[in-house]
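The following pair of complexes shares a single chain, chain A, combined with chain B in the former and chain C in the latter.
Let's turn to the complex of A and B:
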């Protein structure tokens, strides 16, 4: 069975993958904190869409459950949690100060995507699953971009979103390689991720209350009082 | 053979005749969105007509470049209209005279002469606009090259007539990630090349903030009319390349009959109207970027086109 046997679904999945990668790039590059949160929500929706498409294509009801869980946690619960733990002031901020400026971080992102394809190619020979052609390299690329977001950003909330984007990338690759993962594993992830969000959100709230800023990139040096 | 020549000239006529209309519709729609009534959609025609009947004043200090530039700028899009599929799906008489790269060079020649002419008069605003245009230009160049490279790699040809059928046969090709990404990158390029928001404000009257428009400030009379017309035609040609080669190669004439070719005119204009709606939406919902933020905008376009190329080369 190859992905050529359902051309329309694989084409739509490829389109979803492309947009998924674009949103990952957007999370790296946007200035406004609120916009990167919205991009993350969009990315999660695209992940769910890809899961639905794969579920239809492979006839796997597990993937539909994955899509439902993704929508419930990542597009509803996590934004809600972040809104309520971190003060609204943070969302209005623009991140002027970054480790790298936007054009160079975009160029590095392009290199990372190339690396992701280079890494995925040998793996693709090993896994003979339809849709892995699209999902595996793009998922790995989104993973790299998420990790890069954590490295390049200095605000706490975008860094958290980078972490969640890594998680999205793992899922995006995972749903193609292991379409029949037990739902219990997905549920475990679905509980973990909001808890992480809650913890980091509360931490950010504390940092913001103490220092009046959430630029955690500046917290590298110790200072005695 | 004779038909192909006639249709080719008809394409040129369509580009020359309807380009100001596109500009008129765009500005009218923008005004409507801002809750104003706006000028008539035929206002650009009236402007051009009025300017053609006015005296032309040319600075004594300027050289022949200043006088030649409007004609070069006007001829460039006309020439490109011979090469690209405006109305028909099959190649016309002059189609093999140049490929997409050739068309890009010819369009760039018009821009080059306009920039030289802006420097020529030593009006303080002209050289500033010219240097800014060059800055946007050299940032846009890599994106152009990668888009063309990918497109011609996919189709195995650089002739636009061959490229256009590749993306829609079968229709699943339309949703290829590389295609979608290329469309986005090319759309951003059009915004930058034509000086649209967020790169430049086409209706701005403030000389210090101008990029594209300040190059033709010194022209009057016939020169100004030609420059204005040339600007409208350049946008029209870019839209046609975008729509007919990259996005929606539908509605073009398949057969050799005159009726079919004439029917293609309203269909193509309808597609252009759709594009104009998108353009107006973009222009009304975004703010103009600061000059040094343009790097970020075009950097994003570059990365998108590179990603399109990677996904293509690795066979997704």
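Let's turn to the complex of A and C:
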């Protein structure tokens, strides 16, 4: 059984994957905190869409559950949690300073995407799974871009969104390689993401209240002399 | 039965900590819960020794010798740190609500660490490791200073990033075990599936988990958050973070060792030895230049984690017994050291090594504890870490890995000198000025005394049942 057995679904999944990667690039490049959040929500919707497509293609009800959990936690709960923990002022912040400018960031992102394909290739050669050809390399690429976002951002909320984008990347790859993960693991993962958001959101609020800034990248009191 | 109770007791205590009965009640209930957990953990360890493995709740919970060792250490440090918290936290915070929140999170943090060696399903175990970070984030930031919040931020972001990397590793492992045609996603199931897994899947999964959870263990170069978090958290939390939280993450990596080892054509040993030696080496260097005594103990944790990894990588029953013994010695000695550091902070009002001189005159008990703790973690006789390091070095020489052993021995000796140099300057030396010294609360002294019992005892004599447990834990590492 290969991806070729479902040409239409494969094509749709490839399209979803391309858009998924574009949103990851968008999170790297955007300067507005609110815009990063909207891109993240869009990315989560694309993850859910890919899960639905694969669920239909592979006849796996698990993936439909993954899609439902993704929509519930990442597109509804996370924005709600952030709005209630992080103050509106943080939301409106436009990031003036970045560690790296946007053209260089995008150039490095392009390299990271190529590295992701190189990393995924040996796995795909070893085992042929339907849809993994699309989902595994793109998922790994989104992971790399999320981690890169954390490295170049100084604001707290974009760093959190970078972290959640890494998580989205892992799940984008995961739905293709393990389409029938036990439901209990899916539920537990569903609890994990809101807890990450809640903890980091509350910590951001505390930092904002205590220090008057959420530019966590500039905190540097602790280092070796 | 005990396995489920171990998880239920702290869960109940965390809820009760928030009751309107106040902060004394929260402290008391936490202490009682920790004592019950310690008793249960001891009975689990005895049960495991008798039957090899315990299962509960329809096999959702399981415990073998390696799990029982980790469980026992977490429970022990959880108990002594709960006693230490009584006086220490009471003196550091005024508001009732803040203290109650501390105890609520303390119990949840303990619960997540106890769950790691007990959960049979590997995906659930990943969640438990991830929760150890998230539940302790506010404990690290408890002091609410700029430094503490910075430390908490780095801690959460970096270790969560590591855990998510490890998650991809676990998903690939599950993929591999399905390709191999074996279903249960447990450590036992994985060990059975490993020889049939495609190495192209097992190997990247191993590397992702090693780097991902290695971040949480504090392996160099992913260690940057560790000295910050372990120096800014309250001393009672440092004891848990440094003494056992790092070990629970390391436990997962050690579990992976026999899985990878049973696959044809794969060899994890060079990676263990490489990562371990780099961690020991860099930690040793940082120990020389360190200026803050809580950071010093944190770097010593990085060093110990590296030594355990090297011991696991050397292979063979003897090296693995050394690793199990080192895990035990580290948990006991490091929690003791952080209690001593907490008392020194209370007495001297600073964490700077240079600002503390002649502590033996102003606060003899803290000074004595610092020196004893320093000897214990640096690996001087008659403490356990001296014996475990000797066992590891000897095992390496017997198996002919001279270069690794020479480097390890060199780093260990330099680290020993660095730790003793700093500790001696603080304890002895001439005080620059007379600062008024506050007497340490009784509960802190009790915690220190309780932690000192195994500290002194197991270096001199390992009781029969503990030796059996260590041997069985070593064989679970694939030795």
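Here is the rule we go by: the second predicted complex is superposed on the first by the 221 of 225 C-alpha atoms of A that agree within 3 Å, B and C clash if a C-alpha of one lies under 4 Å from a C-alpha of the other, contacts with A are read in each partner's own complex, and residues count from 1 in each chain.
The working rule: contacts are C-beta pairs under 8 Å (C-beta built on N, C-alpha and C of every residue); 3 or more make two chains touch, one makes a residue touch a chain.
Because the structure is predicted, anything quoted here is derived from the model rather than measured.
Undergrad: Put chain B and chain C onto chain A via the superposition and say whether they clash or fit.
TA: fit
Undergrad: With the two structures laid over each other on chain A, which partner does A:19 touch: chain B (first), chain C (second), both, or neither?
TA: A:19 contacts chain B only, not chain C.
Undergrad: In the combined three-chain superposition, what is the angle centred on chain A between chain B and chain C, taking C-alpha centres, to the nearest 10 degrees?
TA: Vertex chain A, arms to chain B and chain C: 150 degrees.
Undergrad: Given the superposition on chain A, which partner contacts more residues in chain A: chain B or chain C?
TA: C
Undergrad: Looking at the overlay, what does A:66 touch: chain B (first), chain C (second), both, or neither?
TA: A:66: touches no partner chain.
Undergrad: Just chain B (first), just chain C (second), both, or neither: which does A:107 touch?
TA: First partner only.
Undergrad: Which partner chains sit in contact with A:210 here, chain B, chain C, both or neither? Use first/second/both/neither.
TA: The answer is second: A:210 touches chain C but not chain B.
Undergrad: After superposition on the shared chain, which partner residues are touched by A:134: those of chain B (first), chain C (second), both, or neither?
TA: first
Undergrad: Just to confirm the value: shortest Cα separation between chain B and chain C in the superposed three-chain model, in whole Å.
TA: 19
Undergrad: Would you pull the chain A residues touching chain B in the complex into a rising list?
TA: 7-8, 10-12, 14-15, 17-19, 21-22, 25, 29, 102-103, 106-107, 109-110, 113-114, 117, 121, 133-134, 137-138
Undergrad: For chain C, which residues are in contact with chain A within the complex?
TA: Residues of chain C touching chain A: 121, 123-124, 127, 130-131, 134, 137-138, 141, 144-147, 149-154, 156-157, 160-161, 164-165, 167-168, 171-172, 174-175, 178-179, 185, 198-201, 204, 227-228, 231-232, 286, 289-291.
Undergrad: Could you list, by residue number, the parts of chain A that touch chain C in their complex?
TA: Checking each residue of chain A against chain C gives 119, 122-123, 125-127, 129, 140, 143, 147, 150, 156, 159-160, 163, 166-167, 170, 173-174, 177-178, 181-182, 184-185, 188-189, 191-192, 195-196, 199-200, 202-203, 206-207, 210-211, 216, 219-222, 224-225.
Undergrad: Inside the complex, what are the residues of chain B that reach chain A?
TA: Per the touch definition, chain B meets chain A at residues 170, 172-178, 180-181, 184, 295-296, 299-300, 302-304, 306-307, 310-311, 314-316.
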